[in-house]
Structures are given as structure tokens and as C-alpha cells.
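Presented sequentially are two complexes of chain A, the first with chain B as partner and the second with chain C.
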Partner chain A sequence: MTAPARRPLASYVVGNAGLRRPSADAWRTAGITVVCVLVACALAALLVAISGGSPTEVVDALVTGSVADSAGWSQTLVNAAPLLLVALGACIANRAGVFNIGQEGQLLIGAMLGCFVALRLQGPGWMVITVALVAAAAGGGAWSGISAAMYYTRGTNVVVTTLLLTFIAAQVVQFAVNSPSLLQETGIGNGPARPQSDAVPEYLRLASFGQYPDLTIGVGVILAVVATVVLAVLIARSRWGFRLNMLGLNPMAARHAGIRASRLGGSALVLSGAFAGLAGGVILLGTVFRLQPAISNNFGWDGLLVALVARSRPGLALPVAVLFGGLRAGSSYLAATGVPDYLVDVVQALLVLAFVVPPVLSALWGRRIRNRSAVPDTPARPSAAPAKEEVPV
Partner chain B sequence: MWLDDGGTVLSSALRLTAPLAFAACGEYLAERAGTLNISVEGMMLSGAFGAVAVGSATGSPTVGLVAGAVVGLLVALVHANLSHRIQINTFVVGLVINTLVLGLTSFLLQTMEFSRTQVGMLRIPGLADIPLVGVLFEQRWPFYLLLLVVPLTWFLVNRTRWGLELRAVGENPQAADVTGIKVNLRRRQALMWCGVMSGLGGAYLSVGLVGSFNNNMTAGRGFIVIAAVIFGAWRLKGTLLGCFLFGAADALRLALPSLGVELNPQLLVAAPYLLALTVMVLMARSQREPRALSKPFERGLV
Partner chain C sequence: MSHDRARTDGSVPALELRGISKRYGPVVACDAVDLTVERGEVHGLLGENGAGKSTLMKVLMGLVSPDAGEIHRDGARVEVHTPQQAAGHGLGMVHQHFSLIEPLTVWENVALGEPGRIDRDAVCADVEAVGARYGLTIDPTARVERLSAGERQRVELIKALRRDPKVLVLDEPTSVLTIAESAALFEVLRTSVAAEGRGVILISHKLAEITAATDVVTVLRRGRLAFHCRTADTSAPELARRMVGRDVSLQAEGAALGLVVTDDPAKHLSPVLAGGLSAVPAEPPAPQAPADVPGTAALALHGLRLAGPDGRVLLDSLDLEVATGEIVALYGVEGNGQATLGDLLSGLIAPDAGEVHVAGRPVALDRPGALHEAGVGVIPEDRHRSGVVLDMSVADNLVMTDLRRYSGRLLMRRAKIRAQAEELVERFAIRTPSIDAPLRTLSGGNQQRVVLARELSAEPTVLVAAQPTHGLDVGAIEDMFARLREAAASGVAVLLISTELEEVMALASRIAVISSGRITGVLDVADASPQRLGMLVGGEAA
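Up next, the complex of A and B:
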């Protein structure tokens, strides 16, 4: 009895779906997704109504803040760039089958190292900026590298170690900005030094093209878009991308094909941390300009959600990051409507659910349909009969 | 003098330990069944919120406490059905639930008004007058629920048929499935226990200790609970010891400045996570971890 090859349902969420040809399942998935997104929107509208706001006003405010004019678009893109960078890293790790959820901490460490370099290194602006961004990426990579080393030498769970390291990273940054010998701000006459670093000097800030009323595009955005294109091509067309997918889809087969899981998977984890660290560097040099404990501002967590919605495809991560960036940009306009801006967090989480649930539901549904057509008119089997291989879960 | 200080720190440590201990009982049971539940943070937070919301609406903090457990159970139902019925990656579900609960509670907190609601103290006369350990006998009354919950959890896991099946599901789901145990059903049930306990822990935090709800009230305590279960190497005794250690570290962080002792506060905050990571590395080969921890089960797959 030959059963058709089945993928574990869990793999429908953490990526790799791109390897299959679209089928009847794809249409069903699309249909369910539309329904789920509508339900998510309805729930959000209900929430707004409960809080006494008007849903149309809220949508209006969100649009005004994000895409109504070029100033709005600028804000959207500024928010989207770090999200996209984090999401790209998450795509790499997800595809290799090592689920990294510690981007928030990797981003913080990256921002910290970037800040250290930017404040201490002397030299021409372009060089210091480059070194700072590289240092940020290296910091994030090193932070996730700790998890990789633990996983491939001792077999500890990657999810747990990356999660726990996030909280340690937050304390490391707290320590850095509370120690005058490290990064705490200096030389202000009035009052005690606050727990934050000095501001990065003007000439070390990331350049942006365009002036305020017009569309401004920062270097961070360009960096993120270029990285997306490169990564999408690499994953789709290169030997490395093929091996990465293979390792994630079937580690056993990958091993037999001569792929070293510890090297490829470990480097994927380090690379994902490096992207998160780079995002930290971009936030530091592009928008915030000084290291603060709250500099990460959930960009790490939200970037991971972007990757989940995009199903670990860099090409899809781009529009999703713009959507999430738009929500972030629009949230600052919500105050006028009297609806708390936490609404955006709820909407983001609901959207993730609306995109994560349908592929799995659709796969289950398809399996049921196939089962039914495979066994026509069978009366209820006695329970003693041997279990069929294709039992719906 | 040091007796007084010691008593103050101990009492503060106990107060901070109790919410962790409630949630840890649930997380311990869920992990023994093979679910590494990272939404315990969300369950605690929703429990804390639900307790204050219902407590201030009904005027009875006791009802609020029960409501907190029920809200935790509801969150657990969502998690259980998404991750052990339609089989979405449990970490993805946990992550989304944490985000959703944090956003939802912060949102609702700003749109609603709550009055103060707090459960009463229970002072056991006589015993409470003993120096140093007397603080054990002067706590908010839900504290003493731990005396019920901890043995019950231990009994459920180690002395009932249900618990035996639960552990089998956590160690080797394929074998458990072949013997006729419904693997995913057991895991869902374990998660529900986790939801009730975490909700209770969160409710203890809000209507027990503080009397009101703040934004992101649990502030990562759920993750400390996960660290405690790892620190305890998946045994209840060790888990509770971990909870007490981490609660004490938190209490010390708050108390040390007034006692005039210099100790790096960041190190104390990070201590639970550092200890858990150390234990994970040291115990990685000791076979204490449930073998199928965080591995989804589907029939027919090897």
C-alpha cells in the first residue's frame, strides 16, 4: 500500500511551501485566506466599536499617516526597512529549519555595537558608517551564534536559547547605557546622566534622498530592498539556496546528500542574527541616533511576524513589511480618533493568524477530500480494523 | 536587625515567587506532555487582566481570581486547538498569542475604567509572630492555594493513569499512539491545565498583589517560568526551587539599594535566563528533557 508523500503539517507554516507547484490546494488556500483576513478586519472593527471609536475614522487615520501623501510614505518606508531586514534573516533561518525567535535581542546587540563603533571610531564618515553597520551585523550574528554553538554541540533547543538570550541582551544593553565607562551619555550640565548613549554626530547619520514634504528614501530602505532582491535570487537560483531548502525540508535526506547540518544550519542561524543586528544598526544610524534600552521598539518581534506572514519568502516579505510599516506609521495618527494605538498591535497579530492558519487548514481539508474519494461508500468500519495510513488528523 | 531585613526580603521573595509557582505548575505539566509552551506569558497576562476586569465589575476579587483562571483557560483553548488540532507550529502560535494578548490587554486597559480590587490577607495567629519565617503565614489568601495546587500537579503527573499517558506522550508519541493513547488530545488537555494555572498565576499578580492592572503587567514573568522549568530539569521539585530562586533574585534587586549593598541589578535580572541556559548546556545529555518536547505529532510520520 503506497501512501502519497505527505509533508508534516507544521512545515506549512515555517516556510518552504515555495518549492511546490501551485495546485488546486493553492486556490483553496487563497480562498480561505481571503475569508480569514476579512474575519480579522471584522474583529478589529468590532474592537474599535467597543472602544467607542468609528471604524471608518480609524481607517482614515491609518491611511493618512501611512500612504495618503509622500510624507506618509516616507514614514512607512522608514518603519518598513528594519522590519524587512529582520524578516529576511528570519526567512533564512526558517528555511534551514532552525527557528530563531530571538531577533529582538540580536537587534539590540547589533545596535549597541554599532553605537559603540560610531561613537568611538575616528575617521571619514562613510568609513565609520560602514564599519558601524558591519559591527552591528557582526554583533547580531554573534548573539545568535551563541545559540547555534549550543545547538550543534550540545543539542539544546534553538527556540528556547534564542528566546532566553533576548532577555539577556536587554540587560546587556541596560548595563552598557548605565555604565559611564561604556556608553552612558556624558557632558551634560543639567541633572544626572540618563540611561542612554550620546547622540551619534551629524556626519555619521545615514543619508536620505529627498526633502521633507517630498518622498524621502533613506539608505536603510535601499539597503533592505537590495538585500531582498539578492536573497530572493540566491534562495531561488543558487546552490546555497537549494541546500538550505533541502536541509529544512528533510534533514535526513540533506545529510545523506552530504550537507553538513552544523555548518549550513549554523551559518543560517548566524546570518539571521546578522540581519537582525543590521536592522539594529539601521535604526540607530537612521532614525533614533542614540542607544536607548527601548531602541528595539518591538521591531525584532514584528519582523519575525512579517516573515511568518510571507511564509519565509523574501519576495513576499517586501510587501508585507511595507504593510506592517504602514500600520506602524499610521498608528501615530490614531490618537486623534480617540482609539488607543495598541489597536495596531492587535491588527498585526490577527493578520498573522489570518495568513498562518489557511495553508494548514487547506492542507487538512484537501486530505479529507482525497480520503473521501479514495474510499467510496465504505460503511463505518469496525474499530478493530487496522488504521488506514491516511487518517485525518 | 538582620532578622528584620531578612524577614522583609523573604516576604518580598515569597510574594514574587507565588505567581511564578502557579504558572510553573502548569508549564511543567505541559512540557511533560511535550508542548514547550511559550504563550505562558500571554496566558498569565490575560489572566491578570481578566481577574481585574471581572473583579472590578462584580466587586468581588475572589470571583475575579476565578475569572482569571477561566480567561487563561480560554487562551489555552485557542493555543491547544491551533497547535495540537490543526497543527500549526507551536512556537508560531505562542508568539502570536503573546503579541495578541499584549496588544489586546493594553488596548482594553485604555478604553475601560477599573476600580481597585484586591483579595484579603490571611494571617495565621501565633505562627505569623515567629521571626524570619513568620512571613510565610501572613500572605494574601490565594497564596495558600499553592498548598493545594502543587501536590495536585505532582499527583496528576506521577500517580495517575492520565499522568502516565501524559508522560508517554511527551517521551514517545508514536509508541503512545500505537497503544491507543490520543496523543494530541492529551497534549491539548495538558495545555488547558497550563492555561488554568497560568491564568491563576496572573490573577494572583493582579488581584492578589497589586490590586489593579498595569500595561504589560507580567513583564516577562512567563519566560522566567519557562526558564524555571528548564532550571528544574523537568521535575516539579526543581522547578519550584527555580521559581523561588528567581523570585528571590527579583526581591533582592528591589531590596539591595535600601540595604546598602552594591550588586549589579542587570545581572540579577538576567540571572534566571543565564542559569537556565547554563543548565540547558550542562544537562543537555542527561536525558531529563522529554524526548518529544516541542516536536509536533502526526500519525504516520516517523
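Up next, the complex of A and C:
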């Protein structure tokens, strides 16, 4: 009865609320993580060697492209910003216990609406930019809102709907950039119009501070960092964050405490879509400048991975997003080493596994230790030596 | 202790456990326990939660391998490492929680797990033959999901008996049975099973059951063999003393151990109440408002009706009133709608029809938290399910139902939360390393205190306590009883949902009996006898 009940699987993904001194579990997890990362690096080196490259050259290229100089850092941060925004949204949904995996589609819809506003709305630059970013967020939120509505009215699985809506979003964007009446480019001269939108005019592009080759920091990066700080505080300290954690960790207890899951969980899902949409807007106005079917470029999927590795903590998502952004930036330098650049995806996947697997391994290990050291179904007593992690009655 | 007893008749015991020891890390679950079961004997195994009964039986059934000790069957040493080996040696067990597959029929469940080809007609014939022999009639083609708890137990018994066990173990067999069904079960054990020379081990924490139904009794305490005796040579108070390790005088403890009333209608009360044990139920706290004046009841349930997703009626026009300062018990056999009512009063589900009034005002049941705001505190039956969030801290768990009180417009007020948590930890004697410790690290009794502290700190009008002592040991039960009485004395209307007759008799001033989702009768505790309650529990009017 008092043997610790099984932790819900979600709690490994979500992590725990509140601050905590490192426990034996935490040290074990850290140790396993180090081992897993080393194994992942070794495997990556092996893969590079097998595919005919030299691991040292590859590391060299990755570093040159990402963190060797200020230009590299600029590239890293440009890549990290949308990853971070997507990850923040994923943190919100994960904490509420609803697993949104459709950020890629939400990001596309956001980029599409942002593009629509940027190309059609007349007005001063700051205003059009703001409206475009809000529209992008609204678009992403509406897209995940469809999943929320289906879940809370009919009980349709959120993972399934968010995933499948991603493919629909890709088709919608394809349609938009292939329809002259919607967003297809006007074309120059007699050349065939390609499946993409017109470029967003100069004055609507997101500003950045600093000039190449110095470090440049775009508005997208600032936006993402500010959002991270705000969200971290809200989740740790606000009533909304408390309720969100409660809902994710025990929906029944949350309902008893007066939380309406459809409202709080539904809004969390919409909000997570909105962050993905905002990321789409930032990519559009910050780096790509026109809507293309490939504009999402896996930022949605990778952002979700960032949240997974950070275990839904906004504060941790920041360094992880920088790491993943660095890998993206560095991968563009891989071509010179003769190694296919998709190898970076494999490395990234290995790293994700190396970070995601340890808590689960550690828990399984801990459970084995506990099973050996605690009597199942037995309350600890003051006289009998209590099991280590239990407080006696 | 028993194996070195000289055997004068030269017979060999059906089963002998010698020096069984099992440690889980620093905790000793079984410490050199000996147990001897003769042929044709009903052997009672008594002990508190955690005394080692279950571990010992798991060793016997090959579910746990012991650190030391031997098992002998008919005088020969046997190795039991798997449940299959246990079955091969003629050991059968009926577990406390039935291991039946509900959508399957009786004969399919009986045949389940047997190797080789399954012959439907042969199994059905077997079921009927075994049923006829032991008076356990059941239709082999009935679906288990349609059977009552008593009938399901019959299926388990038939399943075990069909394999012709030489020793049959029954783990807490009466926890889901009505009084009449319990009596019938003991009748079968005594007149048929034991009479055929089979040994029976009856595990229980209820003294009345042990004294009524066994020949020999063994008491375990903290993993050690505490006492062994012929049942006829001992008394319930002595067994209670052996079980707890000190004199049992408190009312609450007596009730916790099943001393106040007995489950057996045939011989209730008489032998049990000697030796300093009070037969009088605790003075019921005087109700401050008469319960029969309409509109003044602190909690009034009117015509609650609820059907499950499969269309089964869970609550059927349920009416009940609890007055301020009164403890009303809702008594019945498990699975008659208590869990549903508990969920409803926790605000987890809304009824199809009916109303809940708190202090005369109707509550909007479809709004989460409405019941709590109206002043209904709940100690849920399964605290892990809806009572606590295991991965949040003790402090967070103590305030989570009243967030508005502990937060500003946006941010939580940590200082206020900590102050409240420190105070409640102190007042309710919650043992925790710190208020920041995750609730998961607390023992069951302390987790339950967290729930109680939180619900009472909201100064509720009504407190619903569903099986509040389930899984707690005697000390924690005593504490819970005292807190519930204290709450009632301070003017809270307490609704105690319980399946333990002793608990009900010890705490409540009125007893409402629930059967198939209906209240079949409400008795003052003074008018309640096990027979009358038994009839109501079975669905008959008394």
C-alpha cells in the first residue's frame, strides 16, 4: 500500500514541479546521461568513419559552422530561436498532460497566415510586423485548437489528430502557394510562377542588431529568450502553472480541486500551437522571407525534441535549443568533409535518445533497487528499519 | 516452534514450512517462520497489515523465493520456485482480489491457465460436479461480469478445488462477501473441504472470523511467529494482544481488529467481548440538528441516479441525509455503488439525475470544484487516484484545493503556502522530512493525513470519508478514528463510507445500508445488529 506507487510515464517526460535537492535518483540519472551521451558520440564517430569521413574533420566542420566565431554563433542563434519557441509551446502542452506532436503543421499554418498579413496589410512596418506575428500565432493556435476541440468534445486522441493535421497543413500550404489568387508569387516577366509566395518587402523583415561578421542577434532570438524567462516564471510560480502541473500529473485530483480539464488543457494545447505558429512567423520574417512549402524545414519536429530533452522545463529548453541550433548551423559546413549532411540528423537523433532514455533507465533501475529493499504492501514501521526512501509512519 | 513438537500418532502433516525467512533490504518480512498444517485442519493465519502473512503465502505459492527455509509436503521436502510447481505439489490459493477475466464465462475462467487441449463439455461437467460436491452451485456458461462478488468467489473456489489441492489457501476471503455469504463459505470449508482431509489456511485480520472458523491459529507479528495455539484454547482478546504486541483496550483498536461485533451471525458477540473490551459502541456524538427535519441537513442527497457507460445502474434513486455534527455510515459490501457515490461527492462525475444539497443549498454538480466550494471535504477511497498528486510537494498537496487563498492575481504566495503547510504538518502530526519533499516519499498513513489535513483545513460543512482506514496499520487507524470523531464533535457532518462492519459500529450514530446502488435501510446504531444489517446488505428490507 505504501510502497511508492508507480510514477505515471508522463512524469518522466514532464519532469517534476518545484525545486528539489538532487536525490540519489538525480545523481544516478546524471551518471547514466553522461554514459549515454558518450555512447551516442562514439556511435556517431563510428558512423562517420563507416561513411568514409574522418570524425575529427566532421567535428571541426561542425564547430566552425556553429561556435568557432561570431558569424558561426549568429547562425546558431538564428536556428535556435524558432526551435526554442516551438519547444516552449511543447512544454506547456506536455505539462498539462496533452501531447501535441503536430508543431510542424502548426508552424506551417502560422507562417502562411503571417505571410498573408505581411503581403496584404498596408501600414507602418512595426504595426504590420506585429499583426503578422500575432496572426502567425493565431494560425498555429487555431490549428492545434482543432485537435483540442476534437479531444474535449469527442475524445479523439490528441497525438493522432495533431500528427495527421500536420499533413493536412502541408497540403493547405501547397495549395496556397500554387493558387495565384492566394499566395503564389506574381512572377517576373514570362518566367513560370514557382510554388512560393512573393518575398516579404525589406521594411517588414525582422530587425537584427549587429553586423556581419560581428555577432548579430535578431528580434526572433530576443523574442524567444523573453518568452522563455516569462514562461519559466509562470510555470514555477504562478497559479496557472500550478494548475497546469496538477492537471498533467493527476487529472483526477485536479478535477477534485476544481480544474476543468477541457478549459485548462484545451487552452494549453491552443497555446502550444500558438508558439509553433509564432516560430513560423519568426522564420518567415526573420530568415526565409517568403512562404515555401519547405519553410518549416523540420523546425517543428526538432523543437518538440528540444522540449523532450529539456523534460518540459523552459529554463533547460534554452541551452538545448542552442545545442540543436548549433548542430543545424554546423551541418551546412559538412559538405566540405565529404560526409552527407543528413548525418547530422542521425547524430541529433542519437543525442536525443541519449538525453531522453536516462530518466527512464534510472527509474527502472531505482525500482529494481526498491523492490529488493522494500516489502511490498507493507507500511514502514518505526521499529523495523524503514526502507531508505520512505518515511516511517 | 511447531515442527519439533513430538508426534505421538505418527501422522505426517500435510504441509510444513520450516524457518522461512525473507528480507527486503533492511526490512525483514519473514523471520524464521514455521507453520504446520495438518490434514483436515482449518488453520487460521492472523496478523496486521505488514505482519508477513502475504509474504509467507507468496513463498508457499512460488511467487517469491525465500532467503532461507524449507517447504515439506506430506513429510517430503519440495522445491517451490514457480506457481506451476506449487500447483504440482497440490497447493492451491484463492487470492483476495479475484483473478478472473470478466468477459469470459465461468468454465473458461476455470480452464484458464491449464496446459493441453481444452474440452468444453468436460470442463463444464467438472464445474458442475465440483459445485455439487461442495455446495457451490453455479452455471458454468454464465459470464463472470454478471456474477455477484459471492458468486465470483465460488468460481475461484471451484477453480482451485478442481485441481484437487491438498492444501488450500484463502487470503482474506470475506472482504467482498455479505455476512450470509461469509457464513456459507465457512460452512463449505468446514464440512466439505476439511472433511476430505485437505488442509486449509485461512488468512485474515478479523479476529471474529478466525475464532469462529478455525481449528488452529498462528499469529504473525512483524515477520515473526508471535503465537500458535489451538483456537479452542485461546480467546479473541488474547489473539488481539498477540497480534498487536500489547494490551488492546482502546475502542478504536478494538474496532480495527474486529472485536466489537462479529461477522458470524451464528455466534456473534459472546466470546469476544470479555477481557476489558468495551462492547458499547463509542458514544455517538450528539447531533446538533435533528436529521429528520427537512432542509436543515448539512448534506442531503436526493434521488441520485447514475448509469455506467455499459448501461449498468450504479446509483438508483439514492436518498440520504447527514445532519451537522453527526457521523452517518454508509455500509455495504464492496461494489454496490459506494465508489460511484464517492466519486460523485469528490466532483469527479455528475449524476444523470438527482441533487446534492449542502446546508440546504443545491450544488451545481457539473462544475468542477463546486462541491468543495460548497463545503464538502472528501477523503477519497483511492487517495492516489484523486486525493493527491504524488509528484508534487507535501506543501503543494496541502493547499491545492484552495489555490485562490494562496495566490495573488497571478503568482502563488509561497510564504503563505509554507506557513500553512508548516502549521498543518504540526497539527496533524504528518511525518515528513520537509514540506518540500515530494508526497511520493511519505508512507501511506502520512499521505492519508495530508489528505485529511487539507480537507479539514478548509473548514468543511461536510466530510466524506471513503474507506478512510484501508491499508493503514492499527496506530494510524486509531488516529483516523479520533480525527473523525473530533471533526464531528466540532460540528462537521461526517459521511463514512465503509465496508468494515466494526468500523461502522464504532464510529457512526446512524447506519445507512447500500445495496445495488440503493439505500435499503437506515438504522440507529443501537438498533443495528449484524443480522438486520446482513439482511439489508443482501438487499432485503429489515
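Points worth noting:
Heads up, the rule we're going with is that the second predicted complex is superposed on the first by the 359 of 393 C-alpha atoms of A that agree within 3 Å, B and C clash if a C-alpha of one lies under 4 Å from a C-alpha of the other, contacts with A are read in each partner's own complex, and residues count from 1 in each chain.
Everything below uses one rule, namely that a contact is a pair of C-beta atoms (placed from the backbone, for glycine too) under 8 Å apart; a residue touches a chain by one contact, two chains touch by 3 or more.
Since this is a predicted model, take the numbers as computed values, not measurements.
Judged by the touch definition given at the top, the superposed model places A:Trp126 against neither chain B nor chain C. Touch criterion not met for A:Trp27: it reaches neither chain B nor chain C. In the superposition on chain A, A:Phe209 contacts neither chain B nor chain C. In the superposition on chain A, contact of A:Leu249 is made with chain C only, not with chain B. In the superposition on chain A, A:Leu47 makes contact with chain B only, while chain C stays out of contact range. Shared interface residues of chain A, touching chain B in one complex and chain C in the other, are 387, 389-391, 393.
Note for the complex: chain A touches chain C at residues 1-2, 4-5, 7, 11, 16-20, 234, 237-240, 242-243, 245-246, 249-250, 252-260, 371-381, 383-393.
Contacts from chain C toward chain A in the complex involve residues 24-29, 49-50, 54-55, 222-223, 346-348, 367-370, 372-373, 378, 380, 384-393, 396, 400-401, 403-404, 407, 410-412, 414, 431-433, 436-438, 440-447, 470-473, 475-476.
Put simply, chain B touches chain A in their complex at residues 36, 38, 82, 85-89, 91-92, 95-97, 99-100, 102-104, 106-108, 110-111, 184, 220, 223, 226-227, 230, 264, 266-267, 269-270, 273-274, 276-277, 280-281, 284-285, 293-294, 296, 298-301.
For chain A in complex with chain B, the touching residues are 3, 6, 8-10, 12-14, 47, 50-52, 99, 101, 150, 154-157, 159-161, 163-165, 167-168, 171-172, 174-175, 178, 301, 304-305, 308, 340, 342-346, 348-350, 352-353, 356-357, 360-361, 364, 387, 389-391, 393.
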